[in-house]
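Heads up, there are several structures right after this.
Both complexes shown next keep chain A, but they swap its partner, so chain B is in the first and chain C is in the second.
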Partner chain A sequence: MLTEALLILLNSLFYALVIFAVSSGFNLIFGVMKIVNLAHGHFYSLAAFISAFLLLNTKIEPIYLAFLLPFLAALITSLVGLAFEVGLLRPIYRKPYYLQILLTLGVIYIFNDLFCIIFGRAPLQPTEICKAPGSIIIFNQLYPLYNLIVIGVSFTIGVILWLLLYKTKFGIALRAVSLDTEISLALGIDIKKIYTLTFVISVALAGIAGGFIVPVIAASLGIAEEMLILSLIVTIIGGMGSLKGALISSLIVSIFRSFAIFAFPEFELLVIYLVATIVLLIRPVGLFGGG
Partner chain B sequence: MGMTEKSKSIDRREFLKWLGVIATSGAVGATLGYFATPSKIVEVEKPPPSLKIPETPVKIGFQTYYTGAPSILAEPIAKGVKLAVEEINAEGGFLGKRPIQLLEKDEGTVDDTKKGYIKLVEEDKIDYYLGLISSSNTSAIAPIAEDLGVLTIFIGGCTNNVFEEIDKNPHFVFRIMPPDSVSHVGLAIMTVLTWPNIKKIAHLHPDYSFGHDAYMYINAVLEKLLPDFEIVYEGWPPFQATDFSSHISSIIAAKPDVLFTVVWGNDFTLFYKQALGYGLFNQIKVASGYSHGITPNKGPEKDYPEGCIAGFHGTYYFTNPPIESWPLNKQFVTNYHNKFGEYPNYGAESGYAGMYALKLAIEKAAKITGGWPDVDKVIECLEGLQWLTPSGCRYIRPEDHQAYKNAVYGISSNVPEYNFSVATNITYIPVEKIMQPPGIKAIDWIKNTWPKLY
Partner chain C sequence: MKIFSLPLSSLKIFIYGVIVLFCVSLPYILPSYYISILCYGLVFGIASLGFTFLFKNVGLLSLGHAAYFAVGAYSVALFMKYFSIHSIELLLMISIFSSLLLSAIYGFLCVRHTQVYFALLSLALAQLIWVAINKFYFITYGADGIHVARPTIFGMNFSWIGSTEFIAKVFYYYILAILLVLVGVTWIIINSPFGRSLQAIRDNEVRAKFIGIKVRLYKWYAFLFSGTITGISGALYAVLNNHVVPEIANWTFSGEIIIISLLGGLDYLIGPVAGGIIYSFMRIYIWGITIYWKLLLGIVLLTILFLIPGGLISVIHKIMRAQIIFYHHSKRPNTSSLNPKRKMKSNLATT
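Right, the complex of A and B next:
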């Protein structure tokens, strides 16, 4: 029983860190830029598609060099994100929320059609890179080594993000802007640059997550929406604008889901929304929000 | 029947005797005692000169998923239908005189599908309708078809509810693929036939009515076939789930003898790829109702473990009947592969068979009426129609307009001829053993009339 519980925790960690990588970006964009970016999941999905395409259409030897391709996919996605922020988001920064929602919702439809045109309608799943590391015995059970790589990459992203936000001047400026834009402006902080960098970093985070997870889950229409909903739930539970909240709530969501699958499988879908509902009732700003 | 009440094992001899299983790769299986190997593949009944047949096209409305997750299973239906249309039109169309004009619309949500159907009927003025794979849509369209009076041949959408609850006395509605109960019941029988000593069962099914029905039917059959079995795990991933890791770990932790699953399409591909990394297939036997149901070229690759039960809705796998003994399958598979560059799945074959059912019914009706038949005469000729298809003999039951045939399953294997996993050791299960008589629900028929075979 103990080994089963430990394995379930390990699976939870795998799922949680992927959600964290994406939702932290979503959280950052809202926390700093006050933008609800409904297309955030599609940047994750775009990187997944690009990564899958590159992995399926290039033959790299030795295979461990192929692990660079998801980073390349994230870089390309970041450039798309840069164009998106400069071209589409900047004009609506000070506009009402409903315009943000309409714009980003429209972008979702455009992305979906572009995915179909460029990548086709069939899912893309580059499994060779996933199989290459093999499996190891953990807690008396075979476990895919690739999942551990994803855990490692996601954890590293989290550490880098924390260092960026709390140990650099850029991070100080970013946090200042998130607290008060006008005073930050008065202090000489270049708001536009902060916004742009924040958006690109957030998209890059989602892109790295998408690029690395795609050998496990396949790039297909639908993964963007799934990740957006999870990001929203995690943000509700953790609190808007809180990185710590994003991490803790990703773990909560994932652990509850994994244990529901093990013990109460019929409640798998329900449990995540139940947790979100309870948190909203007890603390509407989220566990670490409102501070 | 069978052994004494204290016996705790299935009486295999009695089971096989009751079942009457035909287990061979050579035989097609006889439905209702009819078996023939036709020498001529496409027979067009050219009408005598006296018959009044207009030469305007026949408009047939068609809907299936061209986009979205279900398209992996549904889009081949369109290909099968179009191949049939091309073949029929090459001979001049229905009765050699009326070419088919196929009017296509996307299948989608229930509302969108209804709107598409009504537009086809009221604006495009279709003569007949074929299509659909979603059970939600066939459930919704059946009563509309009866109201609007359009001959509607569902290819899929195989929930038992359509003819057991919603449209109990159909007039205009027919269905080609067998109902879901046949697929799930057949899977359970095939599993017990293959592994008679299983005791601990795990289930993994998509969390909607289709998956829950599978759970119900499989368990109902197991209660009749296995003296003591225990369900040690049940998992309900949402449709279009992407991460099965927690389910896989939980299944392995439960240590079942066999895993039943009707996860299908891309979801199944994701599941098995993820399960490989956990060594699930090394520890647990897997019985899948739909593992080999999508286009074979896009289905499980050679990394799919051998020796698992391979399913395709109990309907058709392209290697059977073997092309040496069933020229219809040879013609169908060859033409399909030449046209589309891939092998047909059961959806493609059912779409093809459905279009030919309509053709044959029109021909029969025209001979009776002496001219182009009205819809009621075509319906009369569809009822009780027995026709040869690439997958074998099919029969449309007059009472509930459901076509049925022997159910078919295989065992996953790797063979040199194909660069993907194939189903071999094809086993035919007689349809009369897994399809309830008219007038009784499938689940009631199993629970109340099947003997316990131990």
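Right, the complex of A and C next:
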């Protein structure tokens, strides 16, 4: 029983890091650019599709080099994100909030069908890369090494993100913009550049998550919406525009989710909603939300 | 001339009367096929009337109105299936009650928040209904959906006419009557002191609180009204479509409701209805061309947002205003669309 619980915890750490990678980007975009990017889940699924497509259609020897393909998928996704930011988001920065939400809503419709046209309707799942590293014995149970590698990669990326935000000049400028746009403009910070970089970094985070999750979860149309809803819930629990909140609430969400799947799979999402509702009733702005 | 001490010129009454007469005579002008598409349009129009009321008057952007629509539709289907209730009046009562209940709970959670937070919360909560319908397949039959038989209207089954005829010659009038009542009720609410308080909350919540408006309670009432209207349209949809599927609870349908009201124009009470009719005809014809109609839907949404933010009715209105100068139309609200502050001022000017 204890070993099972520990394995569930390890699994939920895996999912928590994936959810964190997506929802932190979602949060970062909102914190800095004050834009709700409903299409964020779709960047995640775009990377998943590209990664699955590359893994299925290329033969790379040795197999360990195949671990570079998810990064390539993330790179392509961030280029799409760059085009999205420059082409669609730039004209609406000064517009009311609902125009921005509705714009990203329209983009979701377009993305959904474009993915269908490009990648087909069948789910894509490359399993070779998952089997390649083999598995190790933890707590007397077999556990796929791939998941541990993904945990390691996400951890490294999380640390890099933290260093970028808190130890570099760019990070200081970014946090200044998120606190007060006009003052930072007066201080001579190039806001356009900061916005574009923030968006590209956030999309790249979602892209890496999508690229690495794909052997575990098949790339299909539904995963974008599922991830969007999960990151919405994470944002609601953790509070808008707080990275610390995003990390802690993705851990909470993922632990509750894993145990719910184990105990009563029918009510998986219901349990998470229940947690979100309780948090909302006690602290309407979320655990780490300001105001 | 004034009814209930509300502003209404005699010319307007005349125009609306002509429109209503035209609608009543339509089943004898057009073939039944077009009338059934028109029925879908009217039902979608009622659904987005609820959304538009909340968005335009309270400033709350709900991304989850599909939930109330689906609850209205599914309560008709479930009660017909499991309790063999066939009277449409009773079924409507049930779906009004269930959508009222759902919007009471969701409203309680949502109205504490404004703007972005409200939008996200409404989306997340609405998605719960979609998940529930899919997960409880032993009750709702999951993705297969539930068949809805023909209900009795005022105790009559109309078994002597075919289903197309039933929709076109009987149910069309039922939908039309409900639509007219709901538009009337919405109009009265918007122009009542309660509606004005809602608009005050939209413009400045803090000031509204200072002059003694119970902000959260009023927002909750508005949410209840909005959700219930959408629930009624869901019930009508279930009967009209003969079948309910979980897709109507998904966020894509919430998006469609929003697109409908933007298509028609937010500034006009009749905008959502016009948007619904245009949308349902557009949908039928695009379905004939391609299966990727959602792609075109997204493009339509982006086009409206960037090029005609006032909706199609505002375009017609502008053309009319440019050609015919009505002497009293100088008092009409400025139709530069999505600017709530300017709208507020001109609304006050008409009272």
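As a working rule, the second predicted complex is superposed on the first by the 285 of 291 C-alpha atoms of A that agree within 3 Å, B and C clash if a C-alpha of one lies under 4 Å from a C-alpha of the other, contacts with A are read in each partner's own complex, and residues count from 1 in each chain.
We adopt the following convention: contacts are C-beta pairs under 8 Å (C-beta built on N, C-alpha and C of every residue); 3 or more make two chains touch, one makes a residue touch a chain.
Nothing here was measured: the structure is a model prediction, and the numbers come from that model.
On the shared subunit chain A, the superposed partners chain B and chain C overlap sterically.
With both structures placed on the common chain, the touch criterion links A:I233 to chain C but leaves chain B unconnected. Contacts of A:L280 after superposition: chain C is touched, whereas chain B is not reached.
In the superposed model, A:I108 makes contact with chain C only, not with chain B.
Looking at the shared chain after the overlay, A:E266 reaches both chain B and chain C. In the overlay built on the shared chain, the residue A:C116 is in contact with chain B and with chain C. Contacts of A:F53 after superposition on the shared chain: neither chain B nor chain C is touched. Shared interface residues of chain A, touching chain B in one complex and chain C in the other, are 116, 266, 269.
The touching residues of chain A, when paired with chain C in their complex, are 30, 36, 91, 96-99, 101-103, 105-110, 112-114, 116-117, 225, 229, 232-233, 235-236, 240, 266-267, 269-270, 273, 276-277, 280-281, 284. The touching residues of chain C, counted against chain A in their complex, run 55, 61, 63, 109, 112-113, 115-117, 119-121, 123-125, 127-128, 131-132, 135-136, 251-252, 255, 258, 262, 292, 294-295, 297-299, 301-302, 305-306, 309, 338.
Those residues of chain A whose C-beta lies close enough to touch chain B in the complex are 4, 7-8, 11-12, 14-15, 116, 121-123, 125, 127, 130-131, 135, 141-144, 146-147, 216-218, 220-223, 226, 257-258, 261-262, 265-266, 268-269. Taken in their complex, chain B has these residues touching chain A: 67-69, 71-72, 207, 233-238, 240, 242-243, 245-247, 249-250, 252-253, 266, 269-270, 273-274, 276-279, 282, 298, 303.
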